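When the chains are written out, they are named A, B and C in that same order, and each has its own residue count from 1.
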Amino acid sequence: MSQVSTSPSMAAVGASAKPERRDIGLRGRYAAERRFRFYGMAAIAFGLLFLFLLLFSVVSKGYTAFQQTMITIPVEFSQQIIDKNNERATNPQKLVTANYPVVARNALAKVLGVSEDDRAGLKAVNGMISDSVRVQLRNLVTADPSIIGTTQKVTFLAHGDLDSAFKGQIDLSVPETNRKVSDKQVGWMNQLAESGALSKHFNTGLFTNGASSRPEAAGVGVALIGSLYMMLIVLVLSLPIGVAASIYLEEFAPKNRFTDLIEVNINNLAAVPSIVYGLLGLAVFINFAGFPRSAALVGGLVLTLMTLPTIIIATRAALKAVPPSIRAAALGLGASKMQTVFHHVLPLAMPGILTGTIIGLAHALGETAPLLLIGMVAFVADVPATPMDPATALPVQIYMWANEAERAFVERTSGAIIVLLIFLILMNVGAILLRRRFERRW
Amino acid sequence: MSISFLLLIIAVIGVAGYLFGSWRANALAGGKLSSLHSRPGYYGSFVAIWSILPALVVILVWIIASPIYISSTVRGGFPEEVKATSQAEQNLAYNMIGAISRGLNTLSAQEREAMFQDSATARTVLAAKGVPLAADPAPYMLTSADDLNRMTQASSTFLSILVIIAALAGAFLSYRAIAPKFRARNRVEGVMLVSLIAASSIAILTTVGIVASMATEAIHFFNMVPAWEFFFGTTWDPRFAAAGATASAGQFGLIPLLAGTLYIGFVAMLVAVPVGLFAAIYMSEYASRTVRSIAKPLLEVLAGIPTIVYGFFALITVGPFLRDISAQLNGLVTGNYASFIQAQSVLTAGIVMGIMLIPYVSSLSDDIITAVPRALRDGSLGLGATRSETIKRVIMPAALPGVVGALLMTASRAIGETMIVVLAAGVAARMQLNPFEPMTTVTVKIVNQLTGDLEFTSPQTLVAFALGITLFAITLCLNIYALYIVRKYREQYE
Amino acid sequence: MNMMSEAAVEKALDRQMNDISYKMIGKDVSVYYGEKRALYDVNLNVRENTVTALIGPSGCGKSTFLRTLNRMNDTIDGCRVTGRITLDSDDIYDPNIDVVELRARVGMVFQKPNPFPKSIYENVAYGPRIHGLAKAKADMDAIVEQSLQKAGLWNEVKDRLHEGGTGLSGGQQQRLCIARAVAVSPEVILMDEPCSALDPIATAKVEELIHELRTNFTIVIVTHSMQQAARVSQRTAMFHLGNLVEENDTDKMFTNPDDQRTQDYIMGRFG
C-alpha cells in the first residue's frame, strides 16, 4: 500500500489516458493466498506426520525384539530324571522322550533356593522358563550322551512373559492376579539379573527360528528363506520375460490393434488388485496344474505375474529414453535390427531396467494378499529345502503374528516389520544409487 | 529319468551343438570369415536352438498330455459300480489312488505282498510310511494304484528316449544345413523375434488366465447358488463348508460386502483426496527445489511401505487410539466412559487406507498438474493473478479431467486393497451407516473363504471366485475409464 | 480514433522535444540464471505512450529484459536480477512493491497465444474478476466488450462469447490474449514476439492493433522481424550477447545507426 503515496507522479504524467491507481483488493487476496499455501503445507505435514507416527509406532514396539532375555545357570543333567533305569543303550527313544523341562526347572529352582517340595514354587519357577528348553537340552544330550550326570553351564530362553517383564513391558502396578507374571517371579527375576544369571542377549533366534506358538522361540528364519526363494524365482522369470516383452513392444512391434491391446492390457494388469493374482494362482497353479499348496514355487510364479507389468513399464520407459540417433548409427553401419537392440540400445537402457526391476522386486517382497490365498498361511517350523516344500513368507509371517493374541507377539511382529522394512530400504537405496551412478542425460 | 536330469542332457547336447556348429562354420570358411554369410557364432547358435527347442516342446507336450492319458486309462479301469457314482466321488477315489501309488513306491517287496493280501491293513501300513489316507481303500484301488505306477514308469522311460532322439535329430539336421551361404543370423534372429513375441503375449495370457479361471469357478458357483441371490442378496452368511452340505445351507449376498467396500473406500478417499491434492499442488507450484527434493521422496516412502505394515499399524495403534479417544470424549460429554468407536471399524480402516493412498493421489496429480503448459500459468501470472488464483481458476480447471482420472485410479486401488481391511475393518458383514462400527469388504471375504481347508466343490470356497471376478470387473472398468481420460488429457497438451 | 492517435503522436513528439516523459527506467540491469549471466548492465528507458521495439539475434537477452519489466522472471527458479527498474517513480524490485499489483499495471502478451481453456468471455473477464474491477455483471459486460473492441475482435466474436477461447484461429487467439491484457487496464503492455506464431494476415491485424493501442498504453515489444519493428515502433533498442548495443529513434536506427553491429544486423550480416 506504500504505492499510494507515490501517486503525485501520476498526476504529472496526465491521467487522461491512464486509469487511476486502483484498489485491487490486495489485502484479501493475499490472505487467501496465505491460507491456500497453508493448506498445502498442512497436507504435506499431515502425510509426513503419519509416516513418522507409523515408523515410530513400529520401531518403538519392535526394537526390543532384537534382544532376548536369556538365563545362564549351571544345569545338572541328572541321570535320575533323564534315564532313571539306564536303558539308553537299548532304547534310544529314552533320550528323546525324557522330561527335560524338569531338568531345567530343578536347576533354576536350585539357584533360586526353592525347595523341591514347594509345588507352587516349582510351578512358578517353571513359568519362567521357555518351553523351547526341552528341544535345546534334548539336542545337547543326544549329541553327547556323556554329559548325563554332569553339570554344565547352559544358556536358555526365558519364558516370553518373563521376557516382557524384564523389558519393562508389563505394568507391575496392575493387581497380581491380572497379569502374567507374579510378584514372586519378578522378585526372582531381579535376583537373577543382579547375579548376572539373567540378561539380555542379541536375539539370533529371531533370524534363524521358524514358526512357534511360543513367542520367545518364534523367528522369521523360515519366512526369510521362503521370501528368498520367491524373490529368486521372480527375478529369474520376470526380468528376462519382462525385458523381452518390452523389447518387442518398443522396438519391433508394428503399430496395430494387437499391440494396442497388449499395451492397454499391461497398463491394466499393473492396476489389478493383487488379491486377484492370488485367485489366479489358486485356480491355475494349484487346482488346475496341481502344484503343491504353500510352496514357494507357486508364490514365486504368482508374484512374477504380478511384477511383470511393473518391469515392462519401467523397461519400456528406459528403452524409450535411448535416443533414436544411437539406433540410426548402428543400423547405418549395417547392423541388423536385432544386433542394434542387443548390442547398443539394451546396454544403454540397463540401469533404468535394473532400477525398475529392483523396485518391482521390493513391491513383490512386501506383498501379502495373494500369498494368503495360495496357502502360505501355514505353520512352518522347518526350513524348506526346495521351492516345492511348504514355506511361508516374511509379510505372511507378519500377518500371522499380528493375529496372535499374546503381548509378546506384538513385539515380534514389529521386529519382523523392522526386518522387512530394512530389506525394502536397502533395495530402494540400491535402486537410487544405481540410478545416480549410471543415469545418463541425453 | 527325472525331468531335471533330462533338461541337463538337453543342455549338454545344446552346448555341444553350439561348439560343433561354430567349428564347422570356421572350417568351411577356411580362415576367410568374410566368405560366410554370418559370423560363426550364429551357426553355432542355430544348431543349439534346433537341438534344444524340439526337445523342450516334446517335454512340454508330454507333461501336459501324459497325466491326462494315464488318468483316463486308470479311470477306465474302475469297476462299473464306481463308474456309476458322481464325478466328485470318482475324483476323490482317483486322488486316493494317487496317494496309494506314492505309498507303494516306498514299500519293500514283502510289505507290498502283505498289503495286497489284505487291503484292510493298507491304511495303517501306508500311514507308517508317512502317507496318510482319508479312509480304508477298496481292493480295486490297490490294483489301480499299481497300474498307475507302472504307466508312470513307462511314460517316463518313453519320454526320455523320445527327448534324446529329438535333441540329437535336431542337432544333426541343423549341423548338416550349415553352408557358407546359409543365412544363419536371419534364422537365429527369427527365433529370437518369435520368443520376444511369446514373452509379450504373456501379458495377454495373464489376463485370459485371470478371466478364464475365475469365470470357470464362478460358473460352478452360480450352478449351486443362483446369480441373482448372489448379486442382490442382502445377507452374507455362508455357514461352514461342511462336506455334503447343500447350497441352501448358506446365504451369499454380495450387497453388504459391496457396501462395506465402498464405504471404507469412501472414507479413505475423504482422507487421501484433499491431503494428496493439496500436497501435489504445494509441491508443484510453491515448494522450493530443496523442500521438493526432500518432501516428495519422503511422501513416496508411504507408497513403498507394504500394506501389511499399514494393517498392523491400524490394528495396534490407530484402532486402539480411536477407541480410547472416543471413550475419553464420551466421558467428558456424558460422564460415561464407554467408547463409541470400535477398534476395528470403518473409520480405522478408512483413515489408514487413506494415508496409504496419499502418495498415489499426490504423485498422479503432480504429473497431471505439471503437464498443464507453462504458457497458461504465465498468462495468468502476467495478468497479475496471485499463485493461488492461478491454481484455482486456471490450472485446476485445465487439469480437472486428468485429476479425475487419477482419482478413479486411486479409487480402484482402494477397492482392491486387502491387508488393511483384513486387519482393521472387521469380519462382520453388515449393512449400516455408522462409521464407528466394523463392516467387511469383498477382499476380506475372499481371504476368509480361502484360508483353511479348500474344497473346490463347495459353494463356500467357490464364492471367493465369484467375489473375485466382481472385484476384477469393477476395478477393470474404473481403470480402463481412468486410463482413457488421462490419455485424452495428455494428448490435449502434447 | 485516427485524430486521437495523431494528437497523441504530436504530444509524444512534443515531449520528446521538450521534457521527455519516461514511463519505465532501467538502470544497470543485469540478470543471472543461476551461474549464467544473461544481461550485462543494461540502461534502457521506456517512453510513455510510445511503442519501443527490442530487436537483436536469438539469445541476445531481449526477452529476458522484457520479462524483468513485470518481474515474470520471478517465476523462473534460480533467476536473479540486479540494478534498478522504476515504473513511474516506483522501484519495481523494491521489497515493498507488490508483484501482483505491478503486473496489474504492467500487462503481458506472450509469444504463443495462450488463451485459458475457458469461454471467450471468461478469458477477458479473468483479469478484472481477480482484481475485483467490476462490481456488477453489467460493469463486467462493459469491460469485456470494450476490451474486445480495443483488440479489434468484438465484431468477430460477439455472437459466440460463451464458446471456448481455444476454438479461435491463431490470430484471433492472440488478439484475445491482447484483449485479456487490456481488460485489466494496465499502464504498460509488454509483448514478447506476439506475431511469431501467426500468419501474415493475422500479423498485419495485430500490428494495426498495436498501432492503435499506443494512444492509451505504453508498449514494449520484442520482435524478431526488423520490418515489424520498423512498422510498429517509434523507438528501437538493439541487443547483442546480453548487452544493449544501441537505442534510438526507429527511423534513425533503420537508416543511419550509430553502431556498426546494429548496421550489420540490420543488413542481415548476422542474426
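Following the convention adopted for this analysis, a contact is a pair of C-beta atoms (placed from the backbone, for glycine too) under 8 Å apart; a residue touches a chain by one contact, two chains touch by 3 or more.
Please read these numbers as outputs of a predicted model, since none were measured by experiment.
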What's the farthest chain from chain A if centres are computed as the mean of the Cα atoms?
C
Mind naming the chain pair that shares the most C-beta pairs in contact?
A-B
Please tell me the distance, in whole Å, between the geometric centres of chain A and chain B computed from their C-alpha atoms.
20
Rounded to the nearest Å, the gap separating the Cα centres of chain A and chain C is 61
At which residue positions does chain A touch at least two other chains?
24, 29-30
Could you list the positions in chain B whose residues touch two or more of the other chains?
384, 386, 389
Residue ranges of chain C touching at least 2 other chains are 100-101, 104, 130-131
Name, in rising order, each residue of chain C that touches chain B in their complex.
70, 72, 75, 77, 100-105, 107-110, 112, 114-118, 126-127, 130-131, 177, 180-181, 184
Residues of chain A touching chain B in the complex
24, 29-30, 32-33, 35-37, 39-44, 46-48, 50-51, 53-54, 57-58, 61, 240-242, 244-249, 252-253, 261-262, 264-269, 271-280, 282-284, 287-288, 305, 308-309, 312, 336-338, 362-363, 365-369, 372-373, 375, 377, 395, 398-399, 402-403, 410, 413-414, 417, 420-421, 424, 428
Contact footprint of chain A on chain C as seen in their complex:
8, 21, 23, 48-49, 88-90, 96-98, 100-101, 104, 130-133, 185, 187, 215-217
Quick check: in the complex, which residue numbers of chain A touch chain C?
2-3, 6, 9-10, 13, 17-19, 22-26, 29-30
Under the stated contact criterion, what part of chain B meets chain C in this complex?
289, 373, 375-386, 389, 393-394, 397-398
